[in-house]
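Alright, structures below, take your time with them.
First chain A sits with chain B, and in the next complex the same chain sits with chain C.
And now, the complex of A and B:
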């Protein structure tokens, strides 16, 4: 009887997987064109035009602080001052009629309360017809106000007067919205593609009935799984490269970080995605089922990660919940590497968390998948 | 039936042709189908049967010639045509009645009319007990009956059935054909294509197609008569030697052109040889002479009618060049782990190659397999037979170690524990029902894959892959995707892929489903080659003529092994007698007999009825006089030998009856071997 050779078997299994993948046009589309397509869609089409929003201000305080506040809103060209003065009701009406995109009412006691160290409420109207732009405009307003507050409070301490007025926007000075989106979309696409492709590759064999035949051959379940994961991970790394190229060449995203570090964290994210795919495959009977289930998992994972919507615009509870989302760490890493040029020292916590997630998820899901092969 | 030629024509084809690009599928055929007949199309894979059906059904346009269906073009007559395609055409997530209502709606059959027809056909098909069950939960046979209902609900004048019974078990198949006879007697004309030649026996008229042309046309009896051959069944103690001698003489005769051929064809079965001879006496004499010359003991000869398969094979052999099939490049096997066993039948080693004792399997509340014991030796071909749902596939999966039995013990290749061990699995070959090949890999990639996972040494790979390609007649096609192959070729290639590593134990789950008779014969030759090299083979099939190829048979009913033995022994031990009745009002006689006897004892063929009686001598006169009293004129009656299918059906029916009797009585203490 011929001696069994672990690597001969593994080679045969892997070659079969690669041949199957290369022949599956749908899978290839998912792997290489979907990332490009998604980047273009999010980068160009969906990137909401939230610059030069028409702003009206009724400044009852008319003080230094209130003027500084108005200035903070317009300085980035996010808002453009169209109206000032007039009555509260008139301003509200203008926003309601669509003549203005946003309105700000500053109460008369702002200066006094500020001096007394009390919190002041300013009133903001936003035209909510375009819910997406409105949400983002609201996000900008709260970000700008938050940074304004930080400036004020640090200013009152006298000791650290010289602080850049726009800390939170330092990595995107012109607030180019595509720069905000592109790293997020890389994360989103990678997550979607890796889960879909891996669950499809694993369920396919169950679906078509060949799994039973495969189980009768003298290969171990470990070999079967390994042969499925390795070619996919390699192909998905090409997906990462394609996405990165499109980001840099088309959207001119500055690649400021370390390329190797970027590839490493992307590899971890690919492993996380594959693990989710394996888990989906283990619990599904056919491709349709795994595809539908993937929506239940992928959508919350993407939403919670901060890939699309700014983390700050989430309710507090969900901000805490996002710590459970492995994609969150990848999004932070990608933003840091692409835009900030941060090194390992700045994102080591995220890298570590992502590694732990990748390891735990991969071992859990593969042991679950192997169990059902027995 | 005698005046069938006077009935109006339902289909008339003249010079009908169809090509797909450069490939001519149908090359100018003439035929007509007449009102009220069952018209059969037989022929090997790729003969053009399905294309002909597509044209008659108005699904495809012809390229040349003429076709008239019910006097018009098929496309315009579609509302009067019921068409049952090869694949199940049901919505599996709709219930029986919903499927029926949907199809009826498409044909504008609604309201009272629909209710009436649905009730009638569901009752006819015996499906009226569970109209709300999902179609997906039905057995293969029931699905086909429901599909037939769907085809009938539009009240068609012509019913087209393209291989309606592939994958359906013998019991359901017989029931299906009885239904077709009933439908036909109500004035519907039926055209049917089938790879099962025992089914073709039940057609009124047949055409045999090959490579887009019609080779033969006529009634089953007429075709057999025109063949002008006798079938000689040869039984001998040394079957293998006998076969060698006869095949040698036969191929020698075939080569010397012009010389008189005494032996036309030799076919090997599990415990006999079938020899086709033009002249009975000459044939007998030659067989005796040859066996004497080879020093073999006197063979047992018995004369039988030729079968349709003989016609099929003889007619096509004329057409096909005789090819020498090279044997599989076997390598000597050293059975280290099972030294105690030597190949050959009837040894007394501790364990057979496959050994099961009191194996059972329970899924939840469902007892799929109960206390099955069997033993297959190296070199033996064991056939496991049973209706759909009898537990065959579960038993095979237990025996090859894919699922753990819930009780009992077993051994594989002498190994009793750790049956999932990789080194053990390397000695096993397994061909699952349909899914051995990867559709999205090419033929060569598939074969290389199996060479790789079984670690076939590099030195042997080339030769073995070449062998598989040759044996499945796919040499030169290795770049084709496996998924693009027609069913028959796929099965032959799957078989090749399952034996690439020269397994010591081979499991074949319905290996010949959808394979045409000629290719099936080739495949059995290969299976026999392996068994002679000492491979133990366990095979399931729905095709009982083919079960004759096995050395031993086991019949399963409701998860239990109810009968075991060689094909000849099973037939000998079959209680009762089988009679063939020829009478004028076949339908009427059939209906009366069904009322008089148990359902399974009667079945209808094209020109006769088959009746099984337990005690023929005393029962037959009563049956005959009862029929005469009802006005049925009986022309002739004679005793005919049981076919394996007859045995199968009566074994299954008797066992089921016994089973229900037991179930009705208080249960004896269970001894299922549950742990």
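And now, the complex of A and C:
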């Protein structure tokens, strides 16, 4: 076969492929609408913020100091004052039923002891069901009371303690929670879309029997596969661009890194997704089977990648397991490129690992698919 | 009634025949429980912190020991000269860097102010807060223990965490995971079964039969609710074994809510199945509308109050949101019967609406007469 002929055939096949995908509403939805939808839901729904906790106060002292104390807890929106029931038991019941997140009981002798210079304990109880939020809320209570005491003794809230740590936050000084989730969702959605679209595009031909027809034509199995992969990769790079645009325009996530490097790692992630899609198609008889099997792969791949819950918080065993997860490397790269502005020197290990995964998975899955064609 | 029973028998027979469906019903939920329950943690332990100590005295060493005494932070080598405090971040997984100035011990022992520089990697916002709180708390503890405090803390809080004093995150994640899993999978199976009838055209036979749309949906939903109950038994007993969950307090509300919740999941699946023409379309409807909302808008991972308006409105009509509360009440909080009756009531309303919606769609398709 001469070279010219080879490329004409390839071009024709690719044109057919693009037309077929663009005609399919379900695939179009996945390619272009899904990333927008997912980014919006994840970006606006997930936030570990600890504020507006519902606080009930039973103030037995009912004095200037006790009222100032309540005000200090509420002033920066960490707590929100709610009806407390007026008695200790009623307040406790409200917290137990989950109607309040925290309770504060101020003893009757607060003012007297304060005037006498004696130490007084106030009781604070926090609903600990959400272990993480409760821990942070407990920290806030101590800090608010420390500054309240400073205010009482010196009239200034500013710390005059001998050791005062000057704490600053790098990469996300405003602690905007969507900046953590959005890069993760880019990775998650790209994984979902690429596996689903590519498996659908391949298995459809099997399902409807057109694959046999294609095989009767003079094109080789290699050409058939190549004509599938190239247009898919191109379309999925548009998905990447859409996701990046939404992240930057809607969530104002900074883009501090190198755009070319971002596109390159995204391309690798797309190849990994397509390989998974090809493998799904190779092992399935029909669309239903490949779609259902994709759950068995995508669930662990996404869950272990650190896209939603931080990788560092996972138990050690799962952290090691995540090295087997190609998406893990992409998540790290996207966070680094968007938030940290690092270049190749910071993430070369991840880029290299992702390349190896892309290469190995693509060769394995395509050889498996081609074997089936013979 | 007989017709409904016969249909239940047929559904269960069909369900048992397909290996992939069986794996989807019992194996994948178990894997999901392991992944959500074990691998999903919000708060890190042993967060790596690099300290550069320019001081030579003993007080700075004591201070550093205090910082690492709780186990939340773990010491890591400080890579770099210490001039640029950002330098060690990101190297070997270091999440925060601390620089202690020269003369720290001398200043502190003379009761002069000494500034300690801290920079925290805030990519993970939540753990950045954890590190900050930890450093402040340790510093205050250090000042107290060395009797260095300048202000007297006349009013001090006695903070107690209720229900989960050890702050075991499994107690938070596992009940939520049970709820999410018991929404996703029953829903998916029911949607597949409904869409299969449409895809294979067998639904036309049902339309033409004497079975009313009401009976048709009753048979489908009851059959799949029975299967869902088996899934629930598997998932809940697995979480008893794996995560040490136990029932605390009233359980009637939990079991009442459970049955209604599973029924509403199945009804949602059947509804999705009636809307879709193929099984793969049904899976996609369930995955985008059911899966994502249950995972993100139910309060499973992050507090419900943080969901931005108007997304928060959607969360209010989700049965999963109510069942997450029911599970946490039953396994952790131990709420009493009366205070949580709103949960089964809300879920029952959702189930009723979904049932009516599904049967209405089917009725339109049915042959009259």
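We take it that the second predicted complex is superposed on the first by the 246 of 374 C-alpha atoms of A that agree within 3 Å, B and C clash if a C-alpha of one lies under 4 Å from a C-alpha of the other, contacts with A are read in each partner's own complex, and residues count from 1 in each chain.
In this section, contacts are C-beta pairs under 8 Å (C-beta built on N, C-alpha and C of every residue); 3 or more make two chains touch, one makes a residue touch a chain.
Not measured: the values here are computed from a predicted model.
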Touching partner for A:367 - first (chain B), second (chain C), both, neither: neither
First, second, both or neither for A:84, with chain B first and chain C second: neither
Which superposed partner A:16 touches (first chain B, second chain C, both, neither): first
Chain B versus chain C as contact partner of A:64, first or second or both or neither: neither
Partner chain(s) touched by A:5 [first = chain B, second = chain C, both, neither]: first
Chain B versus chain C as contact partner of A:217, first or second or both or neither: first
Contacts of A:209 with chain B and chain C, given as first, second, both or neither: first
Chain B versus chain C, judged by how many residues of chain A each one touches: C
Those residues of chain A which chain B touches in one complex and chain C touches in the other: none
Partner chain B, residues of chain A touching it in the complex: 1-5, 8-9, 11-13, 15-16, 19-20, 23-24, 208-210, 212-220, 374
Chain B residues touching chain A - in the complex, by the definition given at the top: 333-334, 336, 400, 402, 420, 422-428, 430-432, 434-441, 445, 448-457, 481, 501
Chain C contact footprint on chain A (complex, rising order): 26, 29-30, 34, 37-38, 41-42, 44-50, 52, 65, 69, 93, 95-99, 110, 113-114, 117-136, 138-143, 145-146, 148-150, 152-154, 160-173, 175-177, 179-180, 200, 287-289, 291-293, 295-296, 299-300, 303-304, 308-310, 312-315, 318, 335-336, 339-340, 342, 346
Residues of chain C that touch chain A when the two form their complex: 20-21, 23-24, 28, 31-32, 35-36, 38-45, 47, 63, 86, 89-90, 93, 95, 98, 107-108, 111-130, 132-137, 139-140, 142-143, 148-165, 167-169, 171-172, 192, 278-281, 283-284, 288, 292-293, 296-297, 301-303, 305-308, 311, 315, 325, 328-329, 332-336, 339-340
